[in-house]
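Please go over the structures that come below.
The following pair of complexes shares a single chain, chain A, combined with chain B in the former and chain C in the latter.
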Partner chain A sequence: MSVVAASAAPLRTRAFPAQWSARLAWVGLCLYTIYAASLLDVTLARFVQGIENGARFFDRMFPPNLAADKLALLSTGMLESIQIAILSTFFGVLLSLPLGLMAARNLTPGWLSWSARGLIAVLRSFHSVIVAILFVKAVGFGALAGILALIVSTMGFISKLFADAVEEMSMKQVEAVRATGASFFGVLAMGVFPQVMARFIGFATYQLDSNLRNSTMVGLVGGGGIGATLFTAYQRFDYDFVLTILLAIIAIIMAMELVAGRLRRIFQ
Partner chain B sequence: MTAAAGSIGTPRWERFTPTERAARGIVYIVTAVALVWSLRSIEIIPEFLYDAPEQTADLFVRMWPFDWAFYPKAIHAALIETFHIATLGTILSIAMALPFAFLAARNFTRSPLLNWFAQFVFVSSRSVNSLIWALLFVAIFGPGAIAGTLAIAFRSIGFVGKIFGEALEEAQKGPIEALVAAGAPRAMVLTKGYWPQVEPAFWSVALLRWDINIRESAVLGLVGAGGIGVALDAALNNLYWDQVGLILAVIFAVVIATEFVTSFIRSRII
Partner chain C sequence: MTSHPHPTPSEAGALPGSLLIKGLRKEYRAGQPVLKDISLTIEGRGLTAIIGPSGTGKSTLIRCINRLVDPTAGEIWFGGQDLASLRGAQLRAARRRIGMVFQEYNLVERLSVIENLLCGRLGYVPAWRAFMRRFPDADIARAFELLDAVGLGQDFATRRADQLSGGQRQRVGIARAVMQSPALVLADEPTSSLDPKTSVEIMELLAKVSSDQAVPVIINIHNVELAKRFAQRIIGMSRGAVVFDGPPDALRDDHLREIYGGEGGLA
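Our next item is the complex of A and B:
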């Protein structure tokens, strides 16, 4: 009956009319995907070949290499990565405090906040691997280049979030502290920090986590840590050791996520 | 009266309980110990540091003036390739992440095992860096853009899936129950019940990830996965610092342009 009614009354508006502009956009997206895939030489033959290579690759990866000398290499690299993460987070966060305060438009005059925001934008715009390459040239191979590169990316990330948090806070407390005649640092210590410190520590723990991930990456370009160990193993076709390293990285990062979550809960 | 009460002992207001204070104290101590341990045992070669200022100055002197003739020769095509790697990788990652996002959403999939499995996929995807994903795919598919696209896609699954899954979990039950009660087929519940509620989150995560992927795809070439990174790697290995400077400037311009484009689209559609 309902079928008859629907066909007999074509004037009835449909509950969900077709959106032609949206459909057109989806078709455009599909066309782009096909075009880009053809441009990047993604063909079926190549894919099949890749599957074969992949099977051989995984075959060589298993079982993971757990020889004692390899494990010693792994632990040295991993400890260095953890040290890089800790040092870069600490110094990066320390430097982000003044930079973030300078960039907060409700505390500092316009010229200062805009130049600080400009600096933050420059720090953020380069991938940490590129920054690491430049530092490798400047200070040589090793952990120091990795630490400096991650300090730059930490500053870009934390200062921006910290500045935004300071801008979102309530100005009432700040004005109350100011009205007592407190100095600028008094206002910071009693009016600003109590409001934003919990969020700041949240950002810092998040950054510790993300610096650990990235410290595995800066090693690929000479920045020290487990990334260097991984890249050497990869270039020597020690794929079974590569798998060991990858599993260790995933395990360490999962553990770090747990620790970071616990830290955030303590400081909430 | 207050004075009398004070002499008996007014309850002193304290911000934290003793347990909270102890927990914070332990964190401070552990932080300090970790810092000292790292500072003492990190290996820094001082000989390299003596000439660091000279090396840095040398770096910039050699970069300027840029080798502009290099742009039409090699950079432009590589730049377009980088753009396609990032865009195609993002599209691919969304296509792969959507099923896992539905599996991870506890209100949609009522099986803790499947929820947990999806979370595991997300964590593995995010733990391995895009550069390391690229290494693996270069070993499988050989050097080239296909390895870069897959690296971008696999690295993004965790990010897109996690955020989109959380958005699905926050979807309100009302419209969905109404559709189910009206006898709508399951596909319709998805497109008319869930989709309108999660659409803003979907577009914002897609744009955000595209923005990140443009930056990431610029460095994938360092391990041979295509894009402008290949040109950067070649210039670095040949010590053509004037080309390196030009490539860095181009990447900077593209990143800034991407930020403008994404913030423009975001203000239009979200």
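Our next item is the complex of A and C:
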């Protein structure tokens, strides 16, 4: 009976039924984008004016300033940024390990995983610059504030990814280890870590890379490092030195990418 | 917490290593029992096969024994303890004497073969030692011995588990169970993911484990021919209840019809 009834509908509709909720969502998104753009007064005239300003700014940046005293400032700031990146990644990743495990719903009881997930959500809810402002107020200007701010953002990011990785692992393998009479930590050592360690190291090296970029930013609000140097140069209209700093940041990020790739290969 | 070669006799004067199941019931959803008050005694020796169609509760039954599944009601006496009532450290101590072999082998894929074997010692070795891979020398020596005993050979020790074929993986799975110095081995459809020839080899290996280690082996298996060929006792299950229990030659076509429901199951 039902076969006859169903075949009354066109073949195409039966194979690919219309998904009205998805269509509605797309239309709504388009409408809102148009509405938001109209509110913000984005006009062609302003855009053209912006290009002119940009060109003038760009012109003042050349040639980059390579004076010895500037280069000394640059290297001090850069070294501090690298230290911020490495220390915050190390401690952030170390603290993410237990937090991520606690947040994995397939390993821990509900009350624990949900409170750990709640904590992670709080850690994630503010951008590292906002956290850095708080820490600058708390511990004063300098690298320590930057390190603490980036530890917070590292924990928010890595422990969530780690918890998700743990939740995606094969429970059959864990079950087999558990069936041998292994304790919880025995199961972690031989059943859980072997499955997720490679991904965890991947996250950690990615975070090192990302913390180096973020470390240049927390400096803008007083968190130390090259960001502080960059901010001062901006304020003093030393645009040629700004360019030197920006080029140095690009170079160091590229170098870090190579190092991170190398690290990933060593640890896996 | 010491490891006896054999568990102490359980209640009712049963043989050492015997398993006594009383009124075992499991409901995943209330009012819909998968196991309907099963009572069984399994002697502390030999190969026992549990046959029956899929979804009849065979797997649930043996998972209740090592408590990968928690029974709803009933008692499971083994080694002088009611396994159904154990918790925490006591449960782990009981589990380490019960080896388990899985249908899909359930090896830790990213660990080497020898590390997978040493997983069988986790009930005995502190976790920090496992973290550092500082297993006792005796355990490592035993693992190498077992590699030969299950027909893999020492060259396999450092191969990663995900590089092995199905038959090789199941040999590792069996060796891992034997590493536990088990007083009982459970096997949940150990041959269902394997080709016929390898299936026979794996059954031969399980029979050898049973006789060499003098340990009872309980095997869930839907292949009746294999069950009849290797088991000394066959338990037929249908819809959560035991409908046949006896030696292989007592198993007749009408029993199979009752277990598998009609001629279709005999194919």
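One rule holds in what follows: the second predicted complex is superposed on the first by the 212 of 268 C-alpha atoms of A that agree within 3 Å, B and C clash if a C-alpha of one lies under 4 Å from a C-alpha of the other, contacts with A are read in each partner's own complex, and residues count from 1 in each chain.
What we mean here is this: a residue touches a chain if its C-beta (ideal position, glycine included) is under 8 Å from a C-beta of that chain, and two chains touch if they have at least 3 such contacts.
What you see is a predicted model; the values in this text were computed from it and never measured.
K.L.:
With both complexes superposed on chain A, which partner does A:183 reach: first (chain B), second (chain C), both or neither?
P.N.:
A:183: touches chain C, not chain B.
K.L.:
Between chain B and chain C, whom does A:202 touch in the aligned arrangement: first, second, both, or neither?
P.N.:
After superposing on A, A:202 lies clear of both chain B and chain C.
K.L.:
May I ask you to decide whether A:64 touches chain B, chain C, both, or neither, giving the answer as first, second, both or neither?
P.N.:
A:64: touches no partner chain.
K.L.:
Is A:191 contacted by the first partner chain B, the second partner chain C, both or neither?
P.N.:
second
K.L.:
Have a look and say if chain B or chain C is in touch with more residues of chain A.
P.N.:
Ranking chain B and chain C by residues of chain A touched puts B first.
K.L.:
Give the list of chain B residues in touch with chain A in this complex.
P.N.:
20, 23-24, 27, 31, 34-35, 37-39, 41-45, 48-49, 52, 55-56, 59, 81, 84-85, 87-88, 91, 123-124, 126-129, 131-132, 135-136, 139-142, 144-146, 149, 192, 215-216, 218-219, 222-223, 226, 232, 236, 248, 251-252, 255-256
K.L.:
Which positions of chain A touch chain B when the two form their complex?
P.N.:
16, 29, 32-33, 36-37, 39-42, 46, 50, 53-54, 57, 79-80, 82-84, 86-87, 90, 121, 125-127, 129-130, 133-134, 137-144, 147, 213-214, 216-217, 220-221, 224, 230-231, 234, 239, 246, 249-250, 253-254, 257, 263, 266-267
K.L.:
For the complex, which residues does chain A have touching chain C?
P.N.:
170, 172-173, 175-191, 194-195, 198
K.L.:
Please name which positions on chain C make contact with chain A in the complex.
P.N.:
Contacts found on chain C: 66, 68, 92-100, 102, 104, 106-111, 115, 118-123, 125, 127-128, 130-131, 173, 176, 180.
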